[in-house]
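Chain IDs A, B, C, D, E and F follow the sequence of writing; residue 1 opens each chain.
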């Protein structure tokens, strides 16, 4: 079984995490290192297509199985459950406004592709294998949490006032926006292409989609670090309750991932990745969706806690922790 | 000899073509996946330099021969012939306006680098070899068709009115614009550098110019697909005659390429590539040139048929077809 | 010992230099080949991080030693000395205005990362090794020359007028700007990450940071070539004295690098690289700093001579020359 | 030369709501619009980066519409309503003149 | 502060014809121009993307010239002629004020 | 609709001095600013590329400030001073109207 300390150290000294840390430092030093926005956009496109493609090729190699369906089902369910209790905690205990509580809850119900990628980089550093179809999960787990929280909100508002028809039309538009968003389209599109092209197709493009992948992820992490560093300033406005929330919730949410992984017989690596996805908090798709659906929610709150607290927490502490727990639990239970 | 069905299937399941198809789907679904324009520009620059460079290194390896000169001569001639009969068909049978007919004809006389690259990707998938100097042809074949059609137009206009001096000055400016255009300069420049640097120079840059080439082409194809998908909407305006023209002409034009290839003793792969070039229809250099020289021609027509019809046709059907024909013809004749 | 002619030829036919030459040709032909600015920015970021990272990994492999401290000290000293005599030559002999003389002198006291990279590319072409920590020097050598010249100027102005407090506040702001500039931050940041991540961290990102490095440098050189070509037009304004200065100073300054290299027991490759750094003339950090600190100095002068004269001179003639001298001197003296 | 007076409305808006502004312009009778993206700025809601990056959550976009005074008035009323719904807009209007009257109506 | 009145002419034009517009401005006596590229828009000829991409066949470019009323008039006449030759332009003019009179003449 | 008259100051400046212009605007009482970067142009000092590239040594940047006439006047005086110190600026001012008076003061 894994040694906790060694695992944590391996994570903290991996280039992916170090570049993230460098980014945070750069932001705090207020140095002028900014990626041109077109570059960030392109790196995002590359990363999404590459993981979709790799996942598709893996599925083509392994074949579609009933087990996968079970994992997908579990993943969708956990995504729908997380925002419900998150919302109640934020609304009742944290005393946040309905819109703010809902927007934040939606972020935790959705997932962060960057955190997922850091998880895969960590596992490959530890030489831990996982099911290839895990690459397909991020695309599927973007949406359910967002839908869940919007239904919740429209249901609460229906009780109070009568702008429920507007809420429903907003729900429709938001779902459409997420389903056709770059993240989902490229992940699923890459998956499809990879599945049809198969290992034979992979041969010619391996250096591009696999060889340089980790290096490009490093650059991306550098930028994510500067963004997280910038967001740290927002934390003063968010208050301590939210900061605490951003640290406590990820491990709690990760438990759902561990549970689904154990129950569906995933490998240790697969279970750890599912926990990472459950614990992760969206910072691209959810903010855009929430801005559209809940214009009165304050972006400083949901971005501050998502990018300023939960993202760094998961990268620095969460990923090795969830892996350690997955390894430990499966060691005991199987 | 090649099995037609197998060849077609290999083409349709190659990543290059699948990404193109994904792009078309994305455009039709009106999903918001757009490459930043600076990225497309850079990928174009990369692809042009890379094929130029590879071609230059190949020529340095093989040495300059008299055979090459013969192929180049044949290639230039076929480029000058194609737009002449295309123009007459469009003008007399299709009843298009002079300017529109000329602009479209010019596109078919020029070539499409993307189609050429898809051809090379297809051949490497089929493990078919071809002459290295083929990489040098695209640069040479961009211009002659455009010049031919502009001379034709200035000649027709001279008979009618007296704005012939203006037409001639436009011709000069247009030729200058094409010769100094990014496509031609980078293709020829890359060729020159590759030729001087030779195999020894290739050693250090092989991963960049060769290893990741196909992967980058895949991303480019994704974008070309979205552009082609967008152009499909234009087809309603172009009318059925043009759609038919866009499907029938490529195989007809390909015959010239096959003929030149057979007569100049090119390999099967080289002959197929020459046919691909002849069949291909420009979508970067020619539109820019035509917009300048013939401002009254309607861009929706020439772009609609070039990018919306002929490009997809060549990618999906044309390339394997021309290869099959080259293989068959040379099998019989040699 | 190296054969001078062979060395020069190897340099001139390397892709890195050939692409630079191609860029110059393109600029002179006034062809429209321009890199989108976001791409140049990104390539710069990539190159800086990559050399920092490689340097850090090398240091981690070799361990920190007292010898390095000595080399760093020598490098800083030579950077501080060069602009002093450069200033006096420009001011007294060249009769330039104080501000212009100071601005140009500052450029020669700072360094050019591109020239350094061309030096490393040349050495790897010649299969010559050098100390890994050399990658750390550019970051350290950006600043001292700029500071030296600004102190000089503030000291001269203090004597003349009384705007010395303003001069001092400008010095502070300029130093801050350089220390937090992209170049320095990314070079040092990459170094730090590479040092902590070590060879184990390099494994996963080798193709990205090393495999494609030279190819990306080639594209960058192409652009640098077009910029140098554009700057050639400025030379008419700068006058012959400056052109001469731009050719004579690099070899003179290189001597300091050779001296430090020999005295600190650097390898032939390391000594050659130090000479290249000493001879090189800044074109990114120094211009920005000088524009801020000396707004009345004419940019056409310092950019014209730096990018239009010294950069091409070093690339075409200087690098092989300094290598030859390093090889020769160390052959005699050790 | 005869010139015709029009209004030029500039609206700086978060990327999320660009479609809403463009739709409003169309419904109000505008003949076209221009969308600028490569800029950043500061206002009541702090520094904003330009659109497109990974940090782009609600980056700045500018929509410019040139229209007749009547159409402009309808657009301004619509923008006012959007602001009332909590959407952040920074709007300014200027008088401009155009060569072809019909092109903008 | 003393300010001087000038005209600011904005011309949206396809990339292909930017050089022609710039040349016209120079020949008419303008002291300079500014060219904007990163935008997209819609008008009589459908949606247009910004310039530069692979889909860039005749992408939008904006040329802005600040000039004295006399120079502006010459430029406007030239633009009118270009339109007559079938080149698509979207032009608008506004009154602006500048600090240094001589810089713009 | 009630509209309020403001001044719109555009300043084209080398990248190096953007911070100085922005600071001036803030100190003069402006409520915000917008910075445009993706453009190139020509003036008294020859062709200038847009900011950001490797050739970017003092590339063009445009700062736009919308402010009340009094604030605008203070800004213009400050810009005048910068020019006197040898910093190159291209400035123009236009009258514009805004919906929310308080947003810009």
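What to note about this one:
Convention: contacts are C-beta pairs under 8 Å (C-beta built on N, C-alpha and C of every residue); 3 or more make two chains touch, one makes a residue touch a chain.
Since the model is a prediction, treat every value here as computed from it, not as a measurement.
With steps allowed only between chains in touch, the distance from subunit C over to subunit D comes to 2.
Using the contact threshold fixed earlier, the set of chains in contact with both subunit C and subunit E is B, F.
The chain pair with more C-beta contacts between its two chains, of B-C and A-D, is B-C. Looking at which positions face the partner, subunit A and subunit B present mostly different ones, since fewer than half of the interface numbers are shared.
Among the remaining chains, D is positioned farthest from subunit C, on the basis of C-alpha centroids. Relative to subunit F, the chain whose mean Cα position lies farthest away is B. Note: centroid distance subunit E to subunit F, computed from Cα atoms, is 20 Å. With each centre defined as the average position of its C-alpha atoms, the distance from subunit C to subunit F rounds to 34 Å.
Annotation: 41 Å between the Cα-based centres of subunit A and subunit F.
Inter-chain centre distance (subunit A to subunit E, centres taken as mean C-alpha positions): 46 Å. Touching two or more other chains at once are residues 35-39, 41, 207, 211-212 of subunit C.
Residue numbers of subunit E whose C-beta contacts span two or more other chains: 36, 38, 50, 52, 94-95.
All chain pairs that touch, listed by label, are A-B, A-C, A-D, B-C, B-E, C-F, D-E, D-F, E-F. The touching residues of subunit B, counted against subunit C in their complex, run 36-39, 41-42, 45-46, 49, 53, 180-182, 185-186, 189, 192-193, 196-198, 201, 204-205, 207-209, 211-212.
Every residue of subunit D that touches subunit F in the complex is listed here, in rising order: 12, 36, 38-44, 50, 60, 62, 73, 76-77, 79-80, 83, 90-95.
Those residues of subunit F that touch subunit D in the shared complex are 1, 3, 6, 8, 22, 31-38, 66, 94-100, 103. Of all residues in subunit C, only 13-15, 18-19, 22, 25-26, 29-33, 35-39, 121, 124-125, 207, 211-212, 214-216, 218-219, 222 touch subunit B in the complex they form. Of all residues in subunit D, those touching subunit A in their complex are 14, 16-17, 49-59, 85-87.
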